[in-house]
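So that you can tell them apart, the chains are marked A, B, C, D, E and F in the order they are listed, and the count of residues begins at 1 in each.
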Amino acid sequence: MDHYDGIANLMFEMGNLKRIKRTGWWIAGIKDPESIAEYSHRVSLLGTILAALEGADPARTCLLGTLHDIPETRIGDIPHIGRAYLSAKSAESIAADQVADCPDEVNYTIKDAIDEFEAASTSEAKCAKDADKLECLIQAVEYQKTGATTVGPWIDNSLKALKTDSAHHIAHAVINGESLAWQQSRSKE
Amino acid sequence: MDHYDGIANLMFEMGNLKRIKRTGWWIAGIKDPESIAEYSHRVSLLGTILAALEGADPARTCLLGTLHDIPETRIGDIPHIGRAYLSAKSAESIAADQVADCPDEVNYTIKDAIDEFEAASTSEAKCAKDADKLECLIQAVEYQKTGATTVGPWIDNSLKALKTDSAHHIAHAVINGESLAWQQSRSKE
Amino acid sequence: MDHYDGIANLMFEMGNLKRIKRTGWWIAGIKDPESIAEYSHRVSLLGTILAALEGADPARTCLLGTLHDIPETRIGDIPHIGRAYLSAKSAESIAADQVADCPDEVNYTIKDAIDEFEAASTSEAKCAKDADKLECLIQAVEYQKTGATTVGPWIDNSLKALKTDSAHHIAHAVINGESLAWQQSRSKE
Amino acid sequence: MDHYDGIANLMFEMGNLKRIKRTGWWIAGIKDPESIAEYSHRVSLLGTILAALEGADPARTCLLGTLHDIPETRIGDIPHIGRAYLSAKSAESIAADQVADCPDEVNYTIKDAIDEFEAASTSEAKCAKDADKLECLIQAVEYQKTGATTVGPWIDNSLKALKTDSAHHIAHAVINGESLAWQQSRSKE
Amino acid sequence: MDHYDGIANLMFEMGNLKRIKRTGWWIAGIKDPESIAEYSHRVSLLGTILAALEGADPARTCLLGTLHDIPETRIGDIPHIGRAYLSAKSAESIAADQVADCPDEVNYTIKDAIDEFEAASTSEAKCAKDADKLECLIQAVEYQKTGATTVGPWIDNSLKALKTDSAHHIAHAVINGESLAWQQSRSKE
Amino acid sequence: MDHYDGIANLMFEMGNLKRIKRTGWWIAGIKDPESIAEYSHRVSLLGTILAALEGADPARTCLLGTLHDIPETRIGDIPHIGRAYLSAKSAESIAADQVADCPDEVNYTIKDAIDEFEAASTSEAKCAKDADKLECLIQAVEYQKTGATTVGPWIDNSLKALKTDSAHHIAHAVINGESLAWQQSRSKE
């Protein structure tokens, strides 16, 4: 297979991230929750912002956020409770399979980012990991504001997992904050 | 308003990108098309790959792809035909309003990226612009493989708009390539 | 192009109203809100009722309600906040383009109704305008009854915009009224 | 119950038309088809156009189209095959129950329109009946263009049921016509 | 027609149960409610459990639960309020038509189960009937936990209709019970 | 915890089967595919029919079909390709955890059925296993008839996995058979 065919196949595979749902929300009773792609997009935005606040590299953090869940096209989004029943190969080894038919420079770029995210030792990886948790908290608050009474555990557990000061400050502003619809009320003034 | 409240509000506003649909697909008869967030996520992935192939900075290109459509929370996704009837303020000025209540380092990071994307003069911006078009082509091919006979104009117009050699090669591999379900047929072997 | 082809194309274009969503609800956190067609249908019903109560012509008011949002196939449903960033051609001029390939009697019927609605000087146009606001209020109350805590601004702003006494009385009955499910509880008696 | 409460309850009941699906499409394999409200809206548009072409009153025809399916909030959309198993009270008697708590002028306006539609003797009722069939044909063609191979019977049976010359001409233009996406291809020129 | 063709057609017809929605929830304002197939599946599970508790045959009760709503492919899910306007042939006679082209042993198995469920005289039929009501109650509680304030009548009426002690005990445990998300909170401990 | 609380929690957990999607269809490009509950329901129907044809016990086979996928509330629906990356505990051990808080007779009934299905040695288990594959084939054919060009591998692989003669005959009738919409075309005659 030609290298461009390898990239085309990888992109068709990544298209699944638009369809694969975040399974935790099903447990909370949300019938049609966000996709992995939708989730990853705001993780990237949050990572960018956390990096800017924490003195890390925003672009690198954005890249880690964009790529960190790509192995889920192969294994799905395993719910928390599933970890008691499943053991998975490492994200690094799954990503290596995913990019195996791509040219070297693509292959390297993607694997290197997955490795950095998983190792969680750079400032950028720490910000991306916090973005991953903070996104879950914000989405839970949004589901709560539209009626769900079931999302408390997601808010509590995400909050406990945050490491950076900036993520803590944003989390508290989200929890205590204005309505989602602040734009609407303000734009009517 | 506190700076963290400003970020919280920005994140609630960005949550709209999970709900706002790409309106062009409605014209093609697709009832429940991808969201802007889903679209932006694969633009970021494609930008990363194009940058790796074209010798640009993958992380920077990823950042431009992640941020390039954030003004759509304010003006929506204007369909092509709408441009004959609407005139919009610049993306740069809309983004400036969006980040006005954020701390300076966040404000700067986001506005700088929007400015670079819109100016389209760096290699990274060129790769991100091509990723924007190439994503549309890939999504059109995916809708075609699941039945839509209406997406020809999206494939043709996206193909014509591509600038880099790498984007052209990937586009042709996508158009001539295997099924979406190559994973399934291969994994059954 | 033949005149019947012009009508066929107009009907395909109007089919988009089944797919285009009312964008304000996305800001309120509603993922899969009503379409423009669904909205327009109850505007027509409300306009019919308001006209009957206010001594205007119900059929004419119904026609204005049915047609008033057809320009949105060209420019989308612009959210309130978007008006700060976008300037649009008049509804009258957009509708004129939409019906340009239709026979004269069709062309005249549609443009004349759009013009009357936009001028807002006849009793029928006033009832249709109130129906437009009142529908939004009722839909907001319905979203509230199924859990959304975010729709207050839509109820408040719609209420303030109502002009006729009849619309005010209906709005208060809706806000203070029984459950959506009154049919179910009553039919069980 | 106060008359405005009666109208409020009728409007909550009419809100069901945004949720009730056209059941025939489920038989054709369409998972998430149009609602009755979406259907009724284009019936009203088509009725308006047919009346303009056939020399009937467009506004009256629009009203008949808007109201003709309101009894479906009580009995649902009975699929064709269901008629062999179910017998229903007349639309006129169901509508009479629906508006029983409304003021006289509302009550009269709605019942009078349902009666005229069901009697099918005026030009306006004939145009509204043809609009009802023609909408089904156009929707079937749209589902066909997005992939469904199953909708032939809906096209054939709708075509056979049309009475007016104008409806026949439009139907043939729809069947032989351009893509749904004609707007997109033209706007790219 | 060959007997296997008869079974193939029956299975295509049964596929509609994945698309036909439980219409009562539309009255409660739920836009995208469960399908008949989803409902029937948990009726079967509940019937199995009730039979185990009440000393009836779990497998037979499961079969009755799986089959009891198959006539709805022909007549739809008639809302409670619709019973005042519609009279339907018996479930037994509809099922007889549905299986008319199937081999005798299939024909007999299905008709016999429908007859037993409708007669409601065996312990298994009583457990299946209670499962039918109890499922509705559980689903109503789930919609309530995700925001709906409208489902009270479904909980109350289902509770009143239960006949077996076991169903009453389960109903009270559901109403007074933990969150849907008990799995999530427990798995985080 | 009380035994009825145990059953209530199990039923809330089983409610997830209405939300969890069959992940293989995402790979085929189907955005909103069937749920596990919808799938399991037709597996139960097919198992009933296969048992009737093959001389096995239809009710027992129905029970096996209804229960066979309940462990998926804990581990999700693992796509075929995921088996290369994940190892899961046995279905028997997961089911044992799921019913641990239920009364003994419920506990026994469910575990015994899961054990029988997994052992695949009885005629009933063989029919239920074939029903599991045959349902997948029928669903694939249905997606094909509504436009998907991607489902070939699901048809081919399901067909190869069938063991009983009856399942083979039904599969061929499905593949060579009439439209989904045979009801509609026939009912119009």
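The definition used in the following text is that contacts are C-beta pairs under 8 Å (C-beta built on N, C-alpha and C of every residue); 3 or more make two chains touch, one makes a residue touch a chain.
Note that this is a predicted model, so its numbers are computed, not measured.
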| item | value |
| --- | --- |
| Contacts common to chain B and chain E (chain labels) | A, C, D, F |
| Chain D and chain A - chains in contact with each | B, C, E, F |
| Numbering shared by both copies at the chain F-chain B contact, with half separating same from different | different |
| Centroid comparison with chain F (C-alpha atoms), farthest chain | C |
| Gap in Å, rounded to a whole number, between the CA centres of chain F and chain A | 31 |
| Between chain F and chain D, distance of the C-alpha-averaged centres to the nearest whole Å | 38 |
| Sequence positions of chain F contacting 2 or more other chains | 15, 18, 27, 29-32, 81, 84, 142, 146-148, 180, 183 |
| Interchain contacts (touch definition) - all pairs | A-B, A-C, A-E, A-F, B-C, B-D, B-F, C-D, C-E, D-E, D-F, E-F |
| Residue ranges of chain A in contact with chain E within the complex | 24, 27-32, 79-81, 83-84, 146-154, 157 |
| Residues of chain C defined as touching chain B within the complex | 15-16, 18-21, 23, 26-27, 29-32, 71, 74-79, 81-82, 84-89, 93-94 |
| Interfacial residue positions of chain C with respect to chain D in the complex | 2, 4-5, 7-15, 17-18, 34-35, 37-38, 40-42, 44-46, 48-49, 52-53, 57-60, 62-63, 66-67, 70, 102-103, 105-106, 108-110, 138-139, 142, 169-170, 172-174, 177-178, 180, 182-183 |
| Residues on chain A engaged by chain C in the complex (per definition of touch) | 32, 142, 145-148, 179-181, 183-185, 187-188 |
